[in-house]
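Order as written gives the chain letters A, B, C and D; numbering starts at 1 within each chain.
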Amino acid sequence: MTPGTAAVSPVGRLRQVELRRRWRQLNAESRWGLVILAFILMLSVFVPLLSSNDAYEFVDLPLQPPSAALPFGSDHLGRDLLVRVFAAARLDIALAILGVSVPIVIGTFIGTLAGTTRNPIAETVWDGLVNALTAFPEIILVLGIVAMVGADIRGLLIAIWISRWAQYARIARAKSLALRDAEFVQAAQVLGYSQLRILIRHIMPNVFSEALAYALSDFIFIIVIIGGLSFLGLGVTPPTPEWGAMLAEGRLYLRTEPWLILFPGFFLSLTASGVALLARGLERISRGEDD
Amino acid sequence: MMTASTGSLADRTLRLLRRPVLRRLAQAFFVAFLLMVFAFLLIRLIPGDPAMILLGDQATEEDVIAYRKLLGIDGSIPSQFGRYVSNMARGDFGVSIRSREPVLSIVQKRLPVSLWLTVTTIFMTVLLALPLGVAAALYRRTWFGHAFQIGASVLVATPVFFSGLVLILLFAVQINLAPIAGYHAGFPANLYYLWLPALTINFVLAPVLARILQSSIVETSSEEFVEAAIIRGTQGWRFYWRYLLRPSLAPTIAALGYFAATVVSYAVIIEIIFNLPGIGMTLVDAVRNRDYPLVQGIVFLSGLLVVGLTFMADLVNGWLDPRAKIR
Amino acid sequence: MLPVIDAANLSLDRRQAVGIVGESGSGKTMLCRALIGTLPRHGAGIVSGTVQFDGQELAGAPERVWRGIRGREIGYIPQSSLAGLNPVLTVETQLVESITAVGSLSRQQARQEAVALLEKVRIPRAQQVLKARSHQLSGGMRQRVMIAAAIAQGPKLLIADEPTTALDVTIQREILSLITQLRQELNMALILVSHDLAVIEEVCDDVMVMYAGASVEAGPVAALSKAPRHPYTRALRVSRVDRAVPGQDLEAIPGDAASVGSWPAGCRFWPRCALADEACRRDSQPALMPIAQQLSACIHAERMAELEQ
Amino acid sequence: MAALTSEAEEKLQHDAITDPLLEGRDISVTFGRGAEALDAVRAANVAVDGGEAVGIVGESGSGKTTLARVLVGLQRPSAGEVRLEGQPIFSAGTEQRMPRSERWKTQMIFQDPYSSLNPRMRVWQAVAEAVQVWKSLPGAEARAQALQLLNAMGISDDQARQFPKSLSGGQRQRVSVARALAPDPKVLIADEPTSSIDQSAQAQLLNLLRRLQSERELAIIFISHDLGLVRYLTTRVYVMQKGDIVEAGKTEDVLERPQHAYTRLLIDSIPGR
């Protein structure tokens, strides 16, 4: 918004000030992370929208090198690689968000419940179960589930949900166990607050902030798993534009047309790196480290 | 006052040590059991009849019955499970539907490749991460320290199936330092085929380990005993080794153990990219071909390997740090 | 750059014991570290002022010079006895290190010396303690080992930074009397840091009071306890419970201690001071000025009597 | 450990209040089982009358905090019972929690000012929540009452809008007092409330507690390792060592004529003596 256009409402102004203050509190890493993510989100919204080419349609001769008309060149079926890369960005980011959001809710909820019960038998059983699940070899679990449920988007998501919730449950349980003995929770007990109030008002908000911090690094893992399984032909399958699947297609032309893997691979790495930088930066802020 | 006389001190320490070990062992067995159940359910939870799926609509009744027998899915579920367990106890993991070869002999043939890959990778991780981590800790506030932080975040986020392809492009296509793909057994000739895959995995592992070492050294260096040593006049290698590196090594070595377990997982993708005939490639092929007995066998056996490696890392972790012992 | 200490002054003679008293955030630990040359290498440093030891200027001295001073001339006992010992090394390794840092002793001799040191700090069964690592020792025991390491090279000055805060009351007393005895046996000067004026009055000859990074009063313990010449010193004394009459309010200092980064302009104590006037708010933090037997940084030092009502 | 000498026992009988407000009878707490069992508290009898201030002194590990946790219903005793106004409200051997209707009468201030406030709640919210729960007031009124309470403790409206992390240790302890007072309790148990705050903040807090005791007729159980604090604040004192109450009586008597060797050791350890 430029000065002189519509007057900013007082609330809007306040929000701007608040945002600016927050931005100043960030360190270099988290700022870079945010800039990268904003850049990719913008491109993935606008590139498919503004381009006249369709991600599935033949537009030119196959395997054309990058040019003014086709900035990323064309793929082996003569489709516009630029449009495909950012159509893939939409799909991959959406899938990764879907992949993170279900386990975080389920896992945090179950973990907090488990961490706040005081039944010793339930605790022992729980201990064994969650530790076992988190010790379970990750990719093997995912591959096994995909083999069972089916090698497609649905199978991929189910496999991720089943394999990831226990991580959140473990974090939530550890945090709520620590909180259970925190003096402010004891103070709430002495004040006679109901168990439900203590859980919702005092334990949950503290657990959830911990789970959210983990969710950022989990996002990287999940976006890589999605790409990886699709690369193996066990997730999203061609012709759907997906970074991993595009890498698998482009791999055949590695010697002669390397841009077929370089563009999708670069943007996949850039997205994951943006999240990684943001996660790392926020982690350092929360630990009170300066620049 | 000492917390106990030396006689009972040894006793107590032993007791403290034993308990977590037993607990971890029990846990490892529990995970192995879950793994077995998971592998068992793998075939049985497939929507529809696997025999029908594999044979198609034209299959005769006899064919389907024979196939069910081959897959071990004839009879009641409890009796299936009993057979499954007793077969496993005898080392019988079923037969591949494709090649009709026993699963165990396939695994025995393919596993060495994956293990060689693991050993090469871990060796390389140590070689790369130790100097990197120490340097990153010592020069934390210089440009090198900042570059390390950013670079590590970027490398860790870069998927191996992309960095692997780029490395092939660089080292195998542009300059001929490695084969594009393939494998020949036998040490040290196999290193020619393994160094590039191992390097690819280390694009992720080495920064992670270096970061663990770096933050561990930084943490140690702010401890009061370090200052006390400086004031006491401890200098040179003795200072760096005894007061900075040695107290910081425990988490690094423990992480190395867990890394060995993760390499087995990375092998799945790396072996496909570099065309290494290991266990990961076999698993992916089996999933693609719906070779259910083979999937079941590999999931269980390689899972067992991971559980074993994790258990060993747990032990080392508990044994290394005297502070962890009291907890 | 944020000033953490600003205008701190301290001096002591051979064999003298000086206490530094101040609340958390007053800069007393930073001052100790400046005195021993271990300020964090990044983000902290002596901006102005001097540190002189035995006539030698040490502020800004190269690390090489400091190495000859630390341990040999100045011994140091850190605050936390748990973190003060390396958890992966035995007590013996660490003591032998302190001993061999100066002379060239054989391993056997160094070991005997280590036993002698432990006996000097009244540790029974020294042989067993030598084999132990820090987590096997109690808090009081660890602090004794730390003291043994600090005196190993026979320093002329011992700096103890809150050596008893983390310990139980009964152990505190033992450690304090041990430090007092060792000081006499070994003819050392002592700098004792504490947040508790009573501890310092017990052990030291002189005391320096810090508030918000500045020395506000310094002088003989007896003088400061009889007639404090800074309102803050006085407040520290009268707000002590052991001086209070049961059933009556303590004379508490109003408000909250100035924290690092938000020091008020003028005299840093003025917002909490009953004597404060326009001059206190306007002028900068006053320097220490001689008055009676001590030094005070209060421009109204003569008006202290007004506070007694 | 030998319990009381006969003389001390006599004195205890003599000093015991006949109809206490809050009483812990024969309280024992054992942690762990079998060979590793640890008696944190052994058959302790403590009582406080309305408007009275009593002290419990002892070193770390003496069981004083465990005893306090039993009295507020945070820790179930292995033996014995807690009585409030003559009624048993919390005892060994049952699964029942301390009844909610009795709970508000006994409040507690904890040792660590840094973990005793929820880091994700603003200061006024923490107090307003307690007001709201116990007096079922609408939000705005609860807020006004909370601010009033906080002001009385020397916390300004501006500070009340902060999160706890921007307050000093002394300020946080005063917030804890405000929160504990919200339900208008009859007994306030303070577990080493001054051990991790500065001396100038300590004096403010002690004055506050003393005033609450005299003006609000609030019974206070003050737990500390520092006999000086206990002497200032309390009229009766219990001395604990390794789980046992080894001496009890009027504070002046105990301090001037200690009967137990451990009490003498504690007295000798007060700095400045």
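General remarks:
Going forward, a residue touches a chain if its C-beta (ideal position, glycine included) is under 8 Å from a C-beta of that chain, and two chains touch if they have at least 3 such contacts.
None of these values were measured; they are calculated from a predicted model.
Ranking A-D and C-D by contacting C-beta pairs places C-D first. Rounded to a whole number, the gap between the C-alpha centres of subunit A and subunit D is 48 angstrom. Mean C-alpha positions place subunit A and subunit C at a centre distance of 51 Å. In terms of their C-alpha centroids, the spacing between subunit C and subunit D amounts to 33 Å. For subunit A, residues touching at least two other chains: there are none. Among all residues of subunit D, none touch two or more other chains.
Arrangement of the chains shown, judged by which pairs touch: one closed cycle in which each chain has exactly two touching partners. Chain pairs that touch one another are A-B, A-D, B-C, C-D. Those residues of subunit A that touch subunit D in the complex are listed here as 182-184, 186-193, 197, 201-202, 205-206, 209. Per the touch definition, subunit A reaches subunit B in the complex via residues 28-29, 32, 128, 131-133, 135-141, 143-144, 146-148, 151, 220, 224, 227-228, 231-234, 244, 247, 251, 254-255, 258, 261-262, 265-266, 268-269, 272-273, 275-277, 280. The touching residues of subunit D, when paired with subunit A in their complex, are 72-74, 100, 103-104, 106-108, 110-112, 115-121, 129-130, 133-134, 176, 179-180, 182-183. Those residues of subunit C lying in contact with subunit D across their complex are 23-24, 168-170, 172-173, 195-196, 198-199, 201-202, 235-236, 239-242, 244, 246, 249-254, 256-257, 259, 272.
Those residues of subunit D lying in contact with subunit C across their complex are 59-60, 168, 170-171, 198-204, 206-207, 210-211, 225-226, 228-229, 231-233, 265-266, 268-273.
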